[in-house]
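Before we start, here is the structure in question, set down as structure tokens.
By letter and in written order, the chains are A, B, C and D; residue numbering begins at 1 in each of them.
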Amino acid sequence: MHIQTGTPIHHQMDLRKEQFLAVRATTDRLVKPLYTEDYVIQASEDVSPVKWHLGHTTWFFEAFMLVPHQEGYEWYEPKLDGLFNSYYITHGHPFEKKHRGWLSRPTVEQVKAYREHVEAHVLQLINEADEEKLQELEPILEVGIHHEQQHQELLLMDIKYNFSVNPLRPVYHPLDAATDRVVDEIHTVQPGQEWLFFEGGKTMMGWEEQGFAYDNEKPRHTVWLEDYSLAARPVTNGEYIAFMEDGGYQKGEYWLAAGWDTVQKMAWTHPLYWEQKQDGTWHSFTLSGMKPVHPDQPVCHISYYEADAFARWAGKRLPTEAEWEHAFRHHSQSGHFAELETYHPTSVYQKEKDGSYKAFGDVWEWTQSPYTPYPGNKPFDGVLGEYNAKFMCNAYVLRGGSCVTPQTHIRETYRNFFAPDKRWAFSGFRLAGDGKC
Amino acid sequence: MHIQTGTPIHHQMDLRKEQFLAVRATTDRLVKPLYTEDYVIQASEDVSPVKWHLGHTTWFFEAFMLVPHQEGYEWYEPKLDGLFNSYYITHGHPFEKKHRGWLSRPTVEQVKAYREHVEAHVLQLINEADEEKLQELEPILEVGIHHEQQHQELLLMDIKYNFSVNPLRPVYHPLDAATDRVVDEIHTVQPGQEWLFFEGGKTMMGWEEQGFAYDNEKPRHTVWLEDYSLAARPVTNGEYIAFMEDGGYQKGEYWLAAGWDTVQKMAWTHPLYWEQKQDGTWHSFTLSGMKPVHPDQPVCHISYYEADAFARWAGKRLPTEAEWEHAFRHHSQSGHFAELETYHPTSVYQKEKDGSYKAFGDVWEWTQSPYTPYPGNKPFDGVLGEYNAKFMCNAYVLRGGSCVTPQTHIRETYRNFFAPDKRWAFSGFRLAGDGKC
Amino acid sequence: MHIQTGTPIHHQMDLRKEQFLAVRATTDRLVKPLYTEDYVIQASEDVSPVKWHLGHTTWFFEAFMLVPHQEGYEWYEPKLDGLFNSYYITHGHPFEKKHRGWLSRPTVEQVKAYREHVEAHVLQLINEADEEKLQELEPILEVGIHHEQQHQELLLMDIKYNFSVNPLRPVYHPLDAATDRVVDEIHTVQPGQEWLFFEGGKTMMGWEEQGFAYDNEKPRHTVWLEDYSLAARPVTNGEYIAFMEDGGYQKGEYWLAAGWDTVQKMAWTHPLYWEQKQDGTWHSFTLSGMKPVHPDQPVCHISYYEADAFARWAGKRLPTEAEWEHAFRHHSQSGHFAELETYHPTSVYQKEKDGSYKAFGDVWEWTQSPYTPYPGNKPFDGVLGEYNAKFMCNAYVLRGGSCVTPQTHIRETYRNFFAPDKRWAFSGFRLAGDGKC
Amino acid sequence: MHIQTGTPIHHQMDLRKEQFLAVRATTDRLVKPLYTEDYVIQASEDVSPVKWHLGHTTWFFEAFMLVPHQEGYEWYEPKLDGLFNSYYITHGHPFEKKHRGWLSRPTVEQVKAYREHVEAHVLQLINEADEEKLQELEPILEVGIHHEQQHQELLLMDIKYNFSVNPLRPVYHPLDAATDRVVDEIHTVQPGQEWLFFEGGKTMMGWEEQGFAYDNEKPRHTVWLEDYSLAARPVTNGEYIAFMEDGGYQKGEYWLAAGWDTVQKMAWTHPLYWEQKQDGTWHSFTLSGMKPVHPDQPVCHISYYEADAFARWAGKRLPTEAEWEHAFRHHSQSGHFAELETYHPTSVYQKEKDGSYKAFGDVWEWTQSPYTPYPGNKPFDGVLGEYNAKFMCNAYVLRGGSCVTPQTHIRETYRNFFAPDKRWAFSGFRLAGDGKC
């Protein structure tokens, strides 16, 4: 999706405009199956109402593109500034996150009108801009597009969580029987675990290519790795059930102290969204309703604590993010992403052309690396400096994207992150080991 | 609204049917100004979403009338039983109250379809019932009607609270300029405080008339009163502001220990919904938007703690509920109720025909009486025994009804009640004193 | 213990001095079995460290007697004023109650020196006072004595609670085998439940006798009672176990809504201090260590919620405080009090000379009466107005005294009170019913 | 303190015994100034009572040395096992940490008897051991000695915290006027900030020397550093006050999101223990009472969040632990440690013989490195595997030791760690920058 150096700016901007319209259309498509009521609710402090996401991704363009760069532009409605500002305190006073679900107004229709208004003004601004202005606008438009893609994933995560607490078990995305069967047929052969070995030494990580990357992926810098091995594929539901059946959630010795506290306090005994039927079989709430837990699918909706405990139980460890990036830097970033509209991880056994398993897509993979700035890292300029930098604390990095990530959003250097007790992301993990496993 | 003894049951039921249809129509009218989104939200654990009220008042007829009394009737949707059961644990497992705002489904349209379905079946059941069946149904229908009236008041309370937390300040009920002016003109003369004196002695309280009353108003029983005085009217905003300006919220000596803890913890410095403008004037959020606080209107949205602290500051006390009932038993229960569609207290100076001020309507009045069972009290039979009895703990009685109470719902023996820290009811108070004041 | 009218003030004061010295000596005796460490701890927000009680009961005399009434007296140590002020906010700024256990200083020895200092000055002040001064001092000294007696009961309650959380199960008061046997032998015959019937009508309650009473017991005033019955004795452990075995703690229908919330949240399944052995027998932590639960002893360490739930289960109710006072006004207030140094309820079958069971002593008895002011009640003057009045909210009255109450402290009009979820008082209950049972 | 390779085991053990006795004597000396009451209290969930530290450091030898390695040894008192087990869940069931202050028993005297008993048995066990047994015992004894040293620092931290909440401001360690003056005179010249430059490249970190180190310091491994600069000394109180006066605690832009939440929630406006006098000067609670804040002393009792915010405000950053270790690996680990018995940081301007400032001692220095395992790290075997590994989550590493750290306890590879909101350690920080500053 990136643009060659030397492309004239107005050609670049033609492409950006296309991307902008495509991204906006995707967002519209994602919310189509929802009733008005579904846009309003917020069933935990982690998630946001759908209409908030719609407003916020629009506000992003208004606050960072229109207001500062379009002469004479006035806020569509000044009070929306606080309501749709997520966390930019150098910009203003965000409405308290945990109470976003308290707000019935603006209505969905009003938010959509807001979207249209801002969209139209963005296009107008671009169309009327001279070369100099275009130079100024291009990087903002680009980050705004990536920002909206991030929220597309959050939309799917949050809809799933919000629906999951409802005893009526709403279905967001009905799968027809045919699709269900196809998904099942993928899982025909379950090979044993295979290991990939990588030689250590001096290597580079982080972004230095052309094209967009977040500030947190830069600069490209030197790291030293010891020899290591990575599992050829993520841990499956079947393997995870073995951990559960071996008393994994009852034995403190596998757990970080903070993880064990969480297990006790939250009474965790299985991954998020799982339920055990009376016959002992496990089912999971999905965006297509309750589905049997398939043993060959990667385990998903797992916290860092659970991933780490499983690894200790298995006598292994989680990879570092440097190891992960080094191992899969040259994999294609095709795979099972949101565009397939499955919204549930499928098989751990999808392969690259060269016969290796796909590393990208399906589930995000926890690494053992706390989310910290790279050496020499510089946050974005201005208000956008708050985009990533201030969250570099008490979180762990995940790599590779998932079945709800837009494919064009992912990169081999992409750093996702969550606090170690969060489970509503489509998060799994693969094992790692020192030297040759 | 009550029916003469001796009226044949099918005539009684004709009247009940009329009342039933009228009450349902009133509920429909009350929610008319709302957008779909407004039905979903729940901005505190005390309030419920509008669509929950619509569902619950319907469930009441389904659970207590159709299911047990209509042969062959099947639940409209069994999962709604838990969702719309408020707190009847002898009936089933209510969904947790504080999370009612997490549920986008059933949608508003689905809830309305549920209402129509149950309404139609109620009418059908009545129409097809023989005399014996009608005898059985009549008291259930009657309590269901009163129950829905209670929820009409809650609807208005909850809409107000839910709207109040939104910085957009939504307006539920726009007042035209004319109405505003009329409301203002009411307040022309502010007489000084007047006192009404009552002789004590043996007297009776509680309900024994024909017609409906809740179980908590019975039996009529003897109480002994000392001589006492009641203020002729409730405390006004102007008087309350004097308390505030005298440091009422800063001086612990006026407060119950539990009240003082609440003041500190909640950082209360004024009634709920009030805001002070930069020029020092007070304004209040109302169902018609922000309005200036009128000094002659009764103070409203006051907790028991605040009413009690004001009374101590004033060197007086609150009335007991026996005193209140004894004093105003023979007042007409006309006055400022929900039917006027003002939804905000107006004047403390409205008078009865005999020249005395109206006691009923405008604001509920806190009494100093904890909410306890009357001697010899018997709760309703069966599941409905949970209606009132189990809440007789850590609450205080309020009397008289308010501008959001349906007029046909109130009685001289009517006992409303709230925990002493609650303020979202339309609650004010009048002063009392021992002997002659 | 009260003094005849007309007794010259210096004779009155001689008696008060004696009482003062006796009460102080009793406090000293009560803390004798403790190690220094035992004086420091505070195992819940409800209890206070022993050394705090010693300091506070001394501060009471310093703050209310010496400082205002002895010319030239200076605070022993001004910083102790805040530390030992319990809750008198019109006097100063009390140190936060829940953190009293954070303070190692003043040490026990320092607190004892403080006690001696204040005691000596109190005696000196009295000895040097003229008649007029004595008139002024006498009521303060009297209330100070009663105040310290209240804290003697709290001392025993708090020591018991503080010891109970320690896995080493410390023993405060070892019982020799002989005493243990005697306690057992008391319980030889268990008669069935007997009922006492009382005719209703106009009656008086509250204090008007000579001698001391708290402000909350006044004025004596008229109340109207309906005919009622009281159980001849409190509910026993055996009867309470029957309730437990019938699923009392699992069936919401017996409980007040607030009680049921508490049962769930606290996971209550039995009275405070009880433990079930593997053989199914119940034992209870006592001030003499773990002891078997005797079926004929009154159930103790019961919350209002549990008492009320038991009563509903039994098809009865709790008495009102007016009924209790009316029924037992003329009973002797002898019985099982702290002077016997058993510190555990013994038998429900102790009898008055006239053959009736003793009503006073052994366990406090919950009534169904919220703790409210009597009609015409006036709190103590000045700072002591905070003694009782501000706690008249969300609490219920208990009557009759217990095995840890000083006998000379109790009166037929004495009103003890606790919030309905508290269990560390020696609290039980008896059943009541309307009319003849 | 470490022992040459090849030393016969019984010679090694002679040295260990000496160290053991010395460490135990030091603990005894540290608690000498305390009253019995001071041993009992626990003023926050982070700290422990002094008597718990005495018991726990003894239990460590009993549980890990006597019980498994002395034939026929029986627990001194089995119930103490749970009480004095800190967090070893593979060993047993630790008593809940936050309630350690609820326990008056065992008394201080009983804990001291327990200490003596275990000490005697440890010595006896060593004295009677053959060569093979000695080989087995030596590493356990060694870790037990280091463990007790860690608790000596905790003792001083916890005593300080426990005393700080007491309005009587207890003094643990009175300083005479002479000492106070000396401490003052140290601070004569305040040079400007100086920077030390270090070239990056491939380097090694972690422990591989002879002698003891914790498992978390191993293995020695390769890291890659970019060129960097470190401030020659920690940030001073004077510099920190400049940050405060510039509104540092009011401007969210300097803070990590989690830090800003903490600032708001805890209402932080200055370092822990500081108080501002009416004349605007700052004073700090110390183990020698309230003392003026000296502008040239290193700022202390600072959370990671505050250190990080200061660094952003100053346009710099915190060092990584690799940078810190690389920079100061060859500094002498002499300096201002607990042995000086000052228990308060003195000057930032103490120098090495070569003219550079001392890096070790005075205050622990926060690094920006989350506390994670080194590549290839292996926890201690068995139960002691819980010593460090399970805490490697949501904490940051501090380096260099402080004025309450035993000097013989520190190493250039020593990794201390705390959660980023903790402030009761003697924690300060120095600035770092990329390249040359």
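We take it that a contact is a pair of C-beta atoms (placed from the backbone, for glycine too) under 8 Å apart; a residue touches a chain by one contact, two chains touch by 3 or more.
Chain by chain, the UniProt names read as follows: A, B, C, D = Ergothioneine biosynthesis protein EgtB.
Keep in mind that what you see is a predicted model, and the values were worked out from it rather than measured.
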item: Chains touching both chain A and chain B; value: none
item: Given chain C and chain D, the chains that contact each of them; value: none
item: Between chain A and chain D, centroid-to-centroid distance (C-alpha), Å; value: 39
item: Distance between the centres, which are taken as Cα means, of chain D and chain B, whole angstrom; value: 60
item: Shared-contact residues (touching 2 or more other chains) in chain D; value: none
item: Of chain D, residues touching chain C in the complex; value: 35-43, 51, 79, 82-83, 95, 99, 101-108, 162-163, 165-168, 170
item: Complex interface listing, chain C residues touching chain B; value: 87, 89-90, 202, 221-226, 252-253, 255-260, 320, 368-370, 372-373, 375-376, 386, 390-394, 420, 434
